[in-house]
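One structure, pasted below without further comment.
Chains here go by letter, A, B, C, D, E and F, matching the order in which they are written, and residues are numbered from 1 within each.
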Amino acid sequence: MTKKPLTLINKKNIRVDGRKLDELRPIKIELNIIGNANGSAYIEQGKNKILAAVYGPKEVHPRHLALPDRALLRCQYHMSPFSVKERKRPAPSRRETEISKVIRECLSPSIFGEYYPRTSIDIYIEVLEADGGTRCSGIIAASLALADAGIPLRDLVAACAAGKVEEHLVLDLNGPEDNKGTDMPIALMPTFNAVTLLQMNGILTTDEFEQALNLAVKGCEQVYTLQKEALKARYINVKEEVEEE
Amino acid sequence: MTKKPLTLINKKNIRVDGRKLDELRPIKIELNIIGNANGSAYIEQGKNKILAAVYGPKEVHPRHLALPDRALLRCQYHMSPFSVKERKRPAPSRRETEISKVIRECLSPSIFGEYYPRTSIDIYIEVLEADGGTRCSGIIAASLALADAGIPLRDLVAACAAGKVEEHLVLDLNGPEDNKGTDMPIALMPTFNAVTLLQMNGILTTDEFEQALNLAVKGCEQVYTLQKEALKARYINVKEEVEEE
Amino acid sequence: MTKKPLTLINKKNIRVDGRKLDELRPIKIELNIIGNANGSAYIEQGKNKILAAVYGPKEVHPRHLALPDRALLRCQYHMSPFSVKERKRPAPSRRETEISKVIRECLSPSIFGEYYPRTSIDIYIEVLEADGGTRCSGIIAASLALADAGIPLRDLVAACAAGKVEEHLVLDLNGPEDNKGTDMPIALMPTFNAVTLLQMNGILTTDEFEQALNLAVKGCEQVYTLQKEALKARYINVKEEVEEE
Amino acid sequence: MTFSTMIMRGRHKQIAQSILSGKRLDGRGLTDYREIKLVTGIIESAEGSARVYLGKTDVIVGIKIGIGEPFPDLPNKGVLTVNSEFRPIASPNFRAGPPGEKSIELSRVVDRGIRESSAVDLEKLCIIPGKKVFVIFIDISILNHDGNLIDASAIASLAALLNTKFSNYEVENDEIKIKTGYTQLPVLNHPITVTVAKIEDKLVIDPSLEEERVIGAKLTITVEDSGNICAIQKSGSDYFNKQLILEAVKLTNEKIGDLRKIIVED
Amino acid sequence: MTFSTMIMRGRHKQIAQSILSGKRLDGRGLTDYREIKLVTGIIESAEGSARVYLGKTDVIVGIKIGIGEPFPDLPNKGVLTVNSEFRPIASPNFRAGPPGEKSIELSRVVDRGIRESSAVDLEKLCIIPGKKVFVIFIDISILNHDGNLIDASAIASLAALLNTKFSNYEVENDEIKIKTGYTQLPVLNHPITVTVAKIEDKLVIDPSLEEERVIGAKLTITVEDSGNICAIQKSGSDYFNKQLILEAVKLTNEKIGDLRKIIVED
Amino acid sequence: MTFSTMIMRGRHKQIAQSILSGKRLDGRGLTDYREIKLVTGIIESAEGSARVYLGKTDVIVGIKIGIGEPFPDLPNKGVLTVNSEFRPIASPNFRAGPPGEKSIELSRVVDRGIRESSAVDLEKLCIIPGKKVFVIFIDISILNHDGNLIDASAIASLAALLNTKFSNYEVENDEIKIKTGYTQLPVLNHPITVTVAKIEDKLVIDPSLEEERVIGAKLTITVEDSGNICAIQKSGSDYFNKQLILEAVKLTNEKIGDLRKIIVED
């Protein structure tokens, strides 16, 4: 309803939210915030506010979907109606269906699913407020929720986008940047240098693509550090709780 | 499409349809009117015209819904597309879903469901014409349909609304009264003084609420008498049929 | 968007597409054109372009639909969104549902379904381009697809419409004729003189009806010859393929 | 084969044998209708209504009139739509949910009879050409299913149309104003629908639900005022030969007089 | 009976006995709320928002304002709609898909309290009479289900409404132009909702999920600023007698003061 | 493990070993396409159409042009929508019903390539700014599924766009009048899509259905006329390392020339 600023990056290479080109938005993580779930996490990344919860491993409903040799992994990424400027209808959109699929596929290689044959592990991601890069924020939270649920993981999955805005390569695009520029979210298991998600829309030369990929990987590594800190803090909490009892 | 009358109650406390404040609309009941059902009833209450049918106790579909210790009670309240001024789309509305729920819950305590574990008892209410208070009329018919189906009941469930229209407490609101005033439908198992349904929308002081509750209970008692008469007439019919054979 | 021609049949009894009154549109048939299906056929009849495929006999999903004494026959007639002037929404229309039913019922008597109890035979008809009489074209292709699938048949089912356009009885109505006149599609198992489909909309006297019926039967017999030729060609192909190996 | 399947098959055999002998289990001749009861104008909230009993089959039709847009290619015509509901109140075999194929077929067969005979004068239902027309909703509700739903629905639909009135109105500056009084819906033709069922090469009229389970195929034939056929639908997984089809048409022509009397002179 | 069913029944007995003794398993008195935490204005993308914790129950409400058409019979009033989502993130018993009956009932009960008390001044939300009005979407998301969802949702909804601002605008030639600045949503009344549950003839406030499994029936009562009742909903398959109903109303009246303080003076 | 599972695993091993050896079971090299056949203009009822065979994979795309409203934030642009149907005619594993996640992903990946490369000049599709624009429906139907559906669909979609004409028209008093003649759809860019699959650290082009069952992950890369990348989608539950990603991009660049020739110079 208001006019967009003419430029998203000023002459000093500072972005509209005050960040440098290669700077992540501030990230705040909390674990174990949904009482009913086996594991859960909350993330704020800039204005993104996202919950992730894991239920399982548990019996599969409907039963005929159960896999004989590993856990069935399911994922639902969902936006609250009030999470965006124009109210979003509650029924899942095609965009949400696609994102649910790529998130499931990006978390799948991190899970020792073969430990839990004939069960399901259900991941729910609820976007309470969206400002660009929600799939990455959602992945960060969901991977932590899996860890919080005590599910054995090969590695945490970190996620971060790089992209191109007004001729600059930038890290971790916010909403206005995402709308205007080229966005390339990736997910990474840093220990294995394994890129488990990669999407792009916009325009990049082959060289820019390689640079953006390197930038996104660096972003993931920073995210990974924050994820591990959050997990450590959670274990300390648990330990204290146990010792207090 | 025509203007509403300015007042619904005249200076002599007579309502638009000629009733006194505490007078029920004329009620006509017929039992056993749907050949395929295990029990059925038809009610006319003022302009309301409503059918109720009971199928069961019978095998549960889908099977996984069966309850080990009692019958599964289900209820669908449905309005025919032509039952109201503006054609109603056939798909169930949120209003119909809510009313189906409260009717099921209001009939449930009257049924010895524990006699029929692993079965279902399905109640269908079809509103052919609606003029206010259809949930009460529907309950009256549905309770009789249960009795007609030979399902053992703790008591019949009677139902009647009281409310407030133009500063008067009134019994059994018709359509225009319901639209304009405060409506409070209740259902009652008179033998147990058990209120099994209670809803209200509109404005009542605490005192008015108590008076309206008393008024509605009295309405239910009158309805109850009519229900028992209808049931008696049905038994006499059955007896005659049997003896004729 | 353009005006329709004033007459569909000229003074010399020639139709807009150059045909005589009792002349079929040119028909082109190919078998075995969908690699994944057990049997398939493609038909062009005038501008109609239609695929039919048969999957089965195979295990029934969901299982509770299986029949103890014969195969479950299912049929889906579907129009591609681009097959008609105004884009057709992908969800099945009421028209498609009705046509699926009558096609299933018209093919059913031709199949020795009792040879395959507890299985399903699924017929899919996809209309790529529609210009009148698609149900008949679809039946022609579907019956051949059943034969191509090696399912034992009492007879092939031929199909053809007759009707009345501008006071003339005509065979095999195309789109504009169908829109303007009386259309009466039938399906026939010629060996048994068995009419397995008969629908009509428009106006016919009793006499005209009988004449149209005779005309349509003759059309079916011509179609039948083409069907048998197509089948023979297919067997020769198969034989050659086998001998080449 | 379970015990109940055996009983059922025995019953089916009995029905078929009885029909072969020219007499039905309920005492009717092969081409007799069950008792037909018709009541009209029973639903005040509807612009028109009718309820038809064919024996224990019980069908109600209500007609609502709304205002909508015409189809782009028919800017001067009102819109007519037929919908039917096989709700679970009417039979243990009906399920809640969107209409299934039988319900859709019934709606479309009834629709075809009304439409092809031009029963309703749709041009009289145009309010503002290309913009606003009356929309006629014919809603068929099955209340008890004991066979021959199409005939019952067709009778009730025509009777309800004949019973339909709509509000007078005037158009002022493209706004529709409702005036006092009502006008009868202009009905120009009276399509009568007869379903002829085939059991073991015998033709039977007005089959009951039990008989329908034995029937292989049915022909539903609709005839308009002038005696012309305006719609046919074959249903069921059996076939007809040409001779039987022509007999069915003949039988229909014998029956429509009585039905028309019941509906039109009601 | 399976082993887990036996354990569950034992637990249910324990809960009931504890309530009969006047003290609940979590230490609360019968009419004590769990700790109530309310935060508002937490969602920047929403015109208003509030998150409420009742113990471990966690509900968020976001308010969006759109522009739409008024109802034909209320051309001068804005439109208000309440929707709730019981998404599977909040409980192993919630399933994805369209709202079920519990979600619909909750939405409608919250809606009734707001609507019947005329909490929102809908006439102030009319932009062009008969043509354009503001539409208020109240969307309730359950984030963790530990019982008493209706009260939590009603508190959050009212708090979110009180937190709602919408853009200033002006109308020029039937076009709506957004101006700078915001106006507070006009809230005229503050309906407070209390659910009173019946366990073995005892009345209990703010039941936990575990307690709800033992509860036979609940009364949800909404009271407006003047102390009048504006909505009631009985739910559950047990019954109330008249005496208990009146007690429930009394109990509600005792509780609304504290709740109103939390919400309104927030 | 059932017998058929054992056979299947044996086959999977065979496929993988063969690829490790640099030669595929059907004789192709790792980066060879199957035979590509393209026919356009085959559907007269569509404004544009194309059918593509990749070996036994058979995909048809039809383009319909309708008239609709623009998006409020893009009042001067036509609307483009991509829809795909995985109907059961094409594979025993496809089910009837609304599009599943694979169909949605395919539609969105094809859409992204077309949209991000600005392949269609949407501004030329505006009729009356803010009110009426042309809507381009790209409908993808899978007719036989033998692997690599995305590439086949992308090729067919671009070829169908290049084959699309729409009626001439003029606007008079806000009414759209169709004139005689047709105009070619303005296509400004030719996005070419290549899917690179990873099997055991080897990169493979144009996988067959059988190969897809062994494949852990795929990268779908779209390149526009100038050689820039305009869309990427990784799919599948395995991962890529950076080196393989860059190789995949290189491989794509080697392949697009041939594909562009087939489509554009058709």
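The rule we apply is simple: contacts are C-beta pairs under 8 Å (C-beta built on N, C-alpha and C of every residue); 3 or more make two chains touch, one makes a residue touch a chain.
Fair warning: this is a prediction, and the values are worked out from it, not measured in the lab.
**Student:** Moving only between chains that touch, what is the shortest number of steps from subunit A to subunit D?
**Tutor:** The distance in steps between these two chains is 3.
**Student:** Between subunit B and subunit F, what is the separation of their C-alpha centroids in Å?
**Tutor:** Using C-alpha averages as centres, the distance is 58 Å.
**Student:** Approximately how many whole Å separate the CA-defined centres of subunit E and subunit F?
**Tutor:** So the centre of subunit E lies 47 Å away from the centre of subunit F.
**Student:** Report the inter-centroid distance (CA atoms only) between subunit A and subunit F in whole Å.
**Tutor:** 27
**Student:** How many Å are there between the centre of subunit B and the centre of subunit C, using C-alpha atoms for each centre?
**Tutor:** Using C-alpha averages as centres, the distance is 52 Å.
**Student:** By residue number and range, which residues of subunit D touch two or more other chains?
**Tutor:** Answer for subunit D, listing residues that touch two or more other chains: 99.
**Student:** Which word fits how the chains touch one another: line, ring, star, complete or other?
**Tutor:** ring
**Student:** Output the ring sequence of chains, start subunit B, direction subunit D.
**Tutor:** B, D, C, F, A, E
**Student:** Please output the residues of subunit A touching subunit F within their complex, sorted ascending.
**Tutor:** Subunit A residues touching subunit F: 94-95, 97-98, 100-102, 104-105, 108-109, 184, 189, 192-206, 209-210, 213-214, 217.
**Student:** Given the complex with subunit D, which residues does subunit B contribute to the contact?
**Tutor:** 1-2, 34-37, 47, 49, 51, 53, 55, 58, 76, 78, 80-87, 90-92, 122, 124-126, 128-131
**Student:** Which subunit F residues qualify as touching subunit A in the complex?
**Tutor:** Within the complex, subunit F touches subunit A at residues 99, 101-102, 104-105, 107-108, 112, 115-117, 219, 224, 227-242, 245-246, 249, 253.
**Student:** Provide the residue numbers of subunit E that touch subunit A in the complex, in ascending order.
**Tutor:** Touching subunit A: residues 42-46, 49, 56, 58, 60, 62-64, 66, 83, 85, 87-92, 96, 98-99, 137, 139, 141, 143-146, 167, 178 of subunit E.
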